[in-house]
Amino acid sequence: MSRIDGRTPEQLRPVTIERGWSKHAEGSVLVSFGDTKVLCTASFTEGVPRWRKGSGEGWVTGEYSMLPRATNTRGDRESVRGKIGGRTHEISRLIGRSLRAVIDYKALGENTVVLDCDVLQADGGTRTAAITGAYVALADAVTWAQGKKIVKAGRKPLVGTVAAVSVGIVDGTPLLDLRYEEDVRADTDMNVVCTGDGRFVEIQGTAEAEPFDRKELNTLLDLATAGCADLATIQRAALEGTLGA
Amino acid sequence: MSRIDGRTPEQLRPVTIERGWSKHAEGSVLVSFGDTKVLCTASFTEGVPRWRKGSGEGWVTGEYSMLPRATNTRGDRESVRGKIGGRTHEISRLIGRSLRAVIDYKALGENTVVLDCDVLQADGGTRTAAITGAYVALADAVTWAQGKKIVKAGRKPLVGTVAAVSVGIVDGTPLLDLRYEEDVRADTDMNVVCTGDGRFVEIQGTAEAEPFDRKELNTLLDLATAGCADLATIQRAALEGTLGA
Amino acid sequence: MSRIDGRTPEQLRPVTIERGWSKHAEGSVLVSFGDTKVLCTASFTEGVPRWRKGSGEGWVTGEYSMLPRATNTRGDRESVRGKIGGRTHEISRLIGRSLRAVIDYKALGENTVVLDCDVLQADGGTRTAAITGAYVALADAVTWAQGKKIVKAGRKPLVGTVAAVSVGIVDGTPLLDLRYEEDVRADTDMNVVCTGDGRFVEIQGTAEAEPFDRKELNTLLDLATAGCADLATIQRAALEGTLGA
Amino acid sequence: MSRIDGRTPEQLRPVTIERGWSKHAEGSVLVSFGDTKVLCTASFTEGVPRWRKGSGEGWVTGEYSMLPRATNTRGDRESVRGKIGGRTHEISRLIGRSLRAVIDYKALGENTVVLDCDVLQADGGTRTAAITGAYVALADAVTWAQGKKIVKAGRKPLVGTVAAVSVGIVDGTPLLDLRYEEDVRADTDMNVVCTGDGRFVEIQGTAEAEPFDRKELNTLLDLATAGCADLATIQRAALEGTLGA
Amino acid sequence: MSRIDGRTPEQLRPVTIERGWSKHAEGSVLVSFGDTKVLCTASFTEGVPRWRKGSGEGWVTGEYSMLPRATNTRGDRESVRGKIGGRTHEISRLIGRSLRAVIDYKALGENTVVLDCDVLQADGGTRTAAITGAYVALADAVTWAQGKKIVKAGRKPLVGTVAAVSVGIVDGTPLLDLRYEEDVRADTDMNVVCTGDGRFVEIQGTAEAEPFDRKELNTLLDLATAGCADLATIQRAALEGTLGA
Amino acid sequence: MSRIDGRTPEQLRPVTIERGWSKHAEGSVLVSFGDTKVLCTASFTEGVPRWRKGSGEGWVTGEYSMLPRATNTRGDRESVRGKIGGRTHEISRLIGRSLRAVIDYKALGENTVVLDCDVLQADGGTRTAAITGAYVALADAVTWAQGKKIVKAGRKPLVGTVAAVSVGIVDGTPLLDLRYEEDVRADTDMNVVCTGDGRFVEIQGTAEAEPFDRKELNTLLDLATAGCADLATIQRAALEGTLGA
């Protein structure tokens, strides 16, 4: 099977990570996975939510949103409807959990980082692009805080790297990094969040049509693990680059 | 390691499924996984949501909620706060997707089943108990509709069975069907939804503390698959029983 | 006139009070008035709302809700609609006022009891069953607090007992404890809350169709007073019983 | 006991009913019970809510609200808070029920009257003033509709008159028509809605402190019945007056 | 062109300012511009919002609302809809800004005045009547606070006077103080807020149909400036009067 | 006075208009006024809101929003707070009115264009950049609809061009196109929306500190008119360019 954009089944879309996109945020990244573009900002503030005060530990949280015309058909703004939909909630929570997996709360100290991931254009994989970009924004925000001595000298709040990718079975073929047109046709859809050393932070697999068996699962996990490793390389290159530094 | 309630690592808590619990609902089940008790009602109504009208196909959806004092500390009512939390949204959506996996929409016809899963008492595994119980309530509601000829003769809206169980790694030991005290101590927490023939409908694994590797994942999946098979047996027995019939 | 379930006009439905229904709450009761089933939990917490701090006095409040399929037709969840309906508000306030009538705030000390009354199945009289059950849950929570020495030795926060019943005029006949089918046909509908010594805490009478005169009112009050006395006996028996103890 | 404003226990405050207060509404009344001032407008519109369409019957409903500075201390606007409080809900529903008690839905035809009762200044008894004034606004709106032939010739949608008054026991003395200062000191507080022929539409009695017995209840009902009769006389005089004068 | 009520183009409607309308508020005014009637109350409270604490400076804010039947067709209550519309927000903010323009925050001290402007009857120009009336209510509240020594002796929180009027071009003719029927037919609609010495606090001009040029703008500003001067005279007379004093 | 970025008082910041920014929207523009960046998308859909059906006329509306970290300090999301703030409402309404000023509803036919203006980075003048960019997005969407024959041949829905700019008096000097640092220090702040032929669509001037007189107003209007003319030239150039075509 040839994919609509000519990729092989195990190939990522072109991925770009543009650091320093916003002049205000402590870390900010415009990440693109093909036509999916997400603006990720990391807002570093001193202090923690009330329930964590006095613990000596920090906190990291995420908020995901889509611009109304990020998609092919305009969606209503959640602010206008007055409530946040289930999908938005779910992805916001996933982003927060994923990034917290590589944070040493003690080393962060009583500081909070909020990762805002706003989808400017959507073409499948918005949550995985968001996590992948948010990691780089988080790294920049932590570096900023170290420079400002808000994080104490010698402390390393980041204990690893994290990236995410989608995989799915379309017409019987397991594919990496699905575009929207592939995603809607997928029988099984899985989002995998990995650390840079190849371990899992989160696995969310859903049988959209037909339930999947253990063999299919294994094939998807192989694809995803390799994809995340490629993303980790791209993240490393972006952080070594001169952009926004 | 011995578990707080004396179970072996691969053992379910006592599971009971009490059918016909409510006189009003077309299907209703009080399911318990140990001290976790969930009231699942299936409301069968003719007609479908607007976006599905004229398709000849039905729809199945879920709503999850917890009574304020289902837990050790009283929680605010979401109706009083005026909005539904992310966790509630996430689980409601999971219940809906899980049950839709065993539905033939065409055979259901333009009818809707809403599965309300209200947690009366919580002790870990509320979402997995909810899915397991909701399946039985759904089966009863479908039988009711067949009896009323609302579902046409010869049509089989249910194309399989579905059950769910949690697994996790606690102090290095993989455990099946976690109680609350085990759940909060788990490094990795996974909810697995399987069909009766052992395939996966949904896998949601989260590294709460330490990321997990492929080997740990495989151990957890083995445990969960076996647990779901046991639950399928219990579901079958309940549906063959005389309770509520 | 013979009633649909064979009762005499002045007869209560079978009433059961099952204590200790929930393992988490300080007091918990599953109360049934015939097919009406309400789960009442009493949550005892130290401290009072801000406006009462430093007064040395406690507070008691109630929250009423119905499961979506407690009734014959599924109702929307108030949490999903994002607002609480007028009827829910009204009954929650009634429950709070009724229970506060038998509380000595000074003896309770700066502690709060929240009475959650969740209707699991409705067949008329849900608010009166809720009040009657909530009293028993409250009594258990107070006993718990005395055992824990949170309420000081020798203090008696409960200064009486309280129970409630509905009465109405159906086809010209005054009836006690209306089922749903009777309630919708009633010309006059009244809910009466009495203390164990036969005095009134609350009287809410509404002419649903025809206004009622003083004579009809007196007949209804006679019926209700006798019904509340019967309920007080049942409450006393429940509290003396061994259930849940 | 002498009352703060020198009234006898069974005396109403000065009551004024100013018709035709608003040029837009089909019926509008500024009613005052002493310093309590309520603007009542009756909006008559053709058509009924969806659930009543095709029935040939009309509908009457009420909405109560208080201006933020109607009281001694400014209250938050419910529109700003984004939700309606329980007290507002309760009174709105009471107003609707009270006025519906004197409506012949068939004679009204498929038309709707909304009674808006906005408290401009509060000094106790706002709900009873609202009901008393709303009746006159409703009567004017019905007359308007008869004039416009929207209500068919010969039809009498109003089958009676309705008025309301508060009574309570303050320092052991039963009092009619309580001012705010009396209301907060009352042991028992009762709102009574009567038809012009002396029958009851609604009785809402609450023991604020001490439960009340049958004898006290009877005394209060005597007071209220007489008070409502006085109000009916005032209403009749207002309707015989020369509009707006 | 002759206007519907016989006024000349540069003539205000009859304006009345009735002080001391409410017994509770520190300042209260019923202002009418023809048939437009707005109840303006000024609530003076000690203390300021959190973000201003410790600054030694006060705060003034406004809230605008319309009774549902203030207009020809009944509108839904914003409290019932659960959210405030854009128009309400816009006018509330305008009222606050306009009144703050004549306040010396330091002289006011850490006190807050809330100006509630509730439209009882609308016939165009509700926001300009609200500002004009709110100024008088504010002046009375400041005088009250000076009398109570809450504002320190010798301090003058009010540094000027403020009034507002609408102007517009209807069928080519510039008109002052538009009634509703004129307003809906206006090509250009402008609200102008002036201080008593003829300077501008706020100019909001909108081309409803055809854009307007500099010459038309100048004509409208001339009209508005003269209208505001007339209103300032009326305000002065009201404050010198004996009404409500 | 020299400005922080070295501009003369009557000079715009560098303005860029990047067309075709989003692949989904019928028109999309990333507009920047210096560091202020706004993504404007025009969503063209057939059909109109219910109140306009059958009129043969179209509709144009706007929605403005800011990403949480568009500013120096992170703001709460309005979707999370559950309500839209007054400022957002006000600007959304201004955008809609401004663009409708250059639309011939008849020529547009029963079609709707929604202009979403999302501020990605804010440095003053976000509403004026939004209007200026939205015009270009609207022009592209209209061209798209003409190409698709959704707008009938020969019809010209756009009857002019529209642009907007802010002006203000800072330390006594009138300045064009204020940056954030200038805006917060301005005594008077004015937003002016002009058509390409130099007429006014909207003037909103506010005295932030000191009221302004007619002479200052005239100076500001001169500045704004010249600034809008420059913006019209830039818009024309962008639309003649090859970007996104």
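As written, the chains take the letters A, B, C, D, E and F, and residue 1 is the first residue of each chain.
Definition applied: a contact is a pair of C-beta atoms (placed from the backbone, for glycine too) under 8 Å apart; a residue touches a chain by one contact, two chains touch by 3 or more.
What you are looking at is a predicted structure, and each value in this text was computed from that prediction instead of being measured.
J.: Enumerate, in label order, the chains that touch subunit D and subunit F alike.
T.: Chains that touch both subunit D and subunit F, as defined above, are E.
J.: Could you work out how many touching-chain steps separate subunit B from subunit E at minimum?
T.: Between subunit B and subunit E, the shortest chain-hopping route counts 3.
J.: Could you work out how far subunit B has to rotate to sit on subunit C, using CA atoms and steps of 5 degrees?
T.: 180
J.: Relative to subunit E, which chain has the most distant C-alpha mean position?
T.: So the chain farthest away from subunit E turns out to be B.
J.: Over half shared numbers or under half: where do the identical copies subunit E and subunit F land at their interface, same or different?
T.: Over half shared, hence same.
J.: Of the pairs E-F, A-F or A-B, which one shares over half of its contact pairs with B-C?
T.: Most of the contact pairs in B-C are shared with A-F.
J.: Which integer distance in Å separates the CA centroid of subunit C from that of subunit D?
T.: That pair's centroid distance is 29 Å.
J.: Could you please state the distance in Å, as a whole number, between where the Cα atoms of subunit C are centred and where those of subunit E are centred?
T.: 51
J.: Measuring centre to centre with CA averages, how many angstrom lie between subunit C and subunit F?
T.: 59
J.: In subunit D, what residues contact two or more other chains?
T.: Within subunit D, the residues that touch at least two other chains are 82-84.
J.: Residue numbers of subunit C touching subunit D in their complex, please.
T.: Residues in contact with subunit D: 83-87, 89-90, 92-93, 97, 101, 160, 190, 194-195, 197-207, 211-214, 217, 221, 225.
J.: Which positions of subunit D touch subunit E when the two form their complex?
T.: Against subunit E, the touching part of subunit D is residues 22-25, 28, 35, 39, 41, 43, 45, 63, 65, 67-72, 74, 77-80, 82-84, 88, 114, 116, 118, 120-123.
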